[in-house]
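Think of it as A, B, C, D, E and F in the order they're written, each chain with its own count starting at 1.
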């Protein structure tokens, strides 16, 4: 399936923290920067996410702010 | 000001497209991947965004989905 | 690619309106209810979206409010 | 109160999971498809949400991605 | 209809800018601070929004970042 | 850093609730209205958020719905 989302960053799962309802997934990009995804525990189980997995962080461009120094 | 947002990716503006109300800002990360931000035209003017500017793409972890092959 | 998004509703494109930067996509669900997606014009072109296409409306559960009468 | 939100899908609550801060509400649409809403525990209590309640899943069109096969 | 959204700020419409697809609505709060809502042109017409209207700005708590000086 | 976000409301933290992964921050505006932010526990710790702190609630205009009576 192709997605309309403009932002699809490839990386590797570096850390997973599980809560009752939520799961926090830390993804490392090739340049060393990190993206954090908060998804449901259920989705984390369904995708069987594991540290080291190659994944894609997907988010819409409407969700992104721009910050500029000065 | 420090921000609670977990995702703050540094990059350089590579392209700007202006509409009546919206502006589309394409930011290139150090690893070559791109992040697109849709902000208001007014905000783009206020920050005086220009191609080549060093900026930060900021978004909450609640906005990020995870995709996994297979 | 499998997605963590809990909400993936299948439907058919019923209407497309194109702006300079944005595109408005109206998707009809099997029960007759409609979902509207605002995506970028660029994404609409890239996916070559057409009226009648079978598509999936994808959104995170964090984006959904609940309304109740009374 | 009328809402600007384009997406207002009517359905019935099928499952509720409560966490410390979050609550996960599963809503079944008339066509059998499901929508999941992640809201705060506080809001779930305030609306007194119960399985079987007729509710509306409300979300903005800016939050919806489109997926297309092929 | 009662809404799960925790954030429901009352104010008055101070400015409206219409685009092809989007409409920008500026709402002034009682304390003088402003909230901007980007909605579809279609929704703006449907609600017949006018300058001076008493309205409510509604958004989920998952969408809000916190900024702190120092 | 200047932010593109149109909505930057100043207020004071009135309550903090901590979960495993999430933290709920209640911010009171000068006019007495409240804004609730759901951020990660990690971000709450990193910013060392405390009741009484002067903070800014930041959110994009794309996240805001408009409600109107009648």
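As a working rule, contacts are C-beta pairs under 8 Å (C-beta built on N, C-alpha and C of every residue); 3 or more make two chains touch, one makes a residue touch a chain.
Keep in mind the model is a prediction, meaning the values are calculated, not measured.
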| item | value |
| --- | --- |
| Repeat of interface C-D, chosen from B-F, A-F or E-F - more than half of residue-number contact pairs shared | E-F |
| Chain pair, A-B or A-D, that carries the greater number of C-beta contacts | A-B |
| Distance between the centres, which are taken as Cα means, of subunit C and subunit B, whole angstrom | 22 |
| Cα-centroid distance, subunit C relative to subunit F, in whole angstrom | 29 |
| Multi-chain contact residues (two or more partners), subunit D | 1-6, 19-20, 22, 24, 36-40, 42-43, 47, 56, 58, 60-63, 65-69 |
| Subunit D residues touching subunit A - in the complex, by the definition given at the top | 17, 19-20, 22-24, 36, 38, 62-63, 65-70 |
| Subunit B contact footprint on subunit F (complex, rising order) | 1-6, 37-40, 42-44, 46-47, 56, 58, 60-62 |
| Complex interface listing, subunit A residues touching subunit B | 3, 6-10, 24-25, 27, 29-31, 33-39, 43, 47, 49, 53-69 |
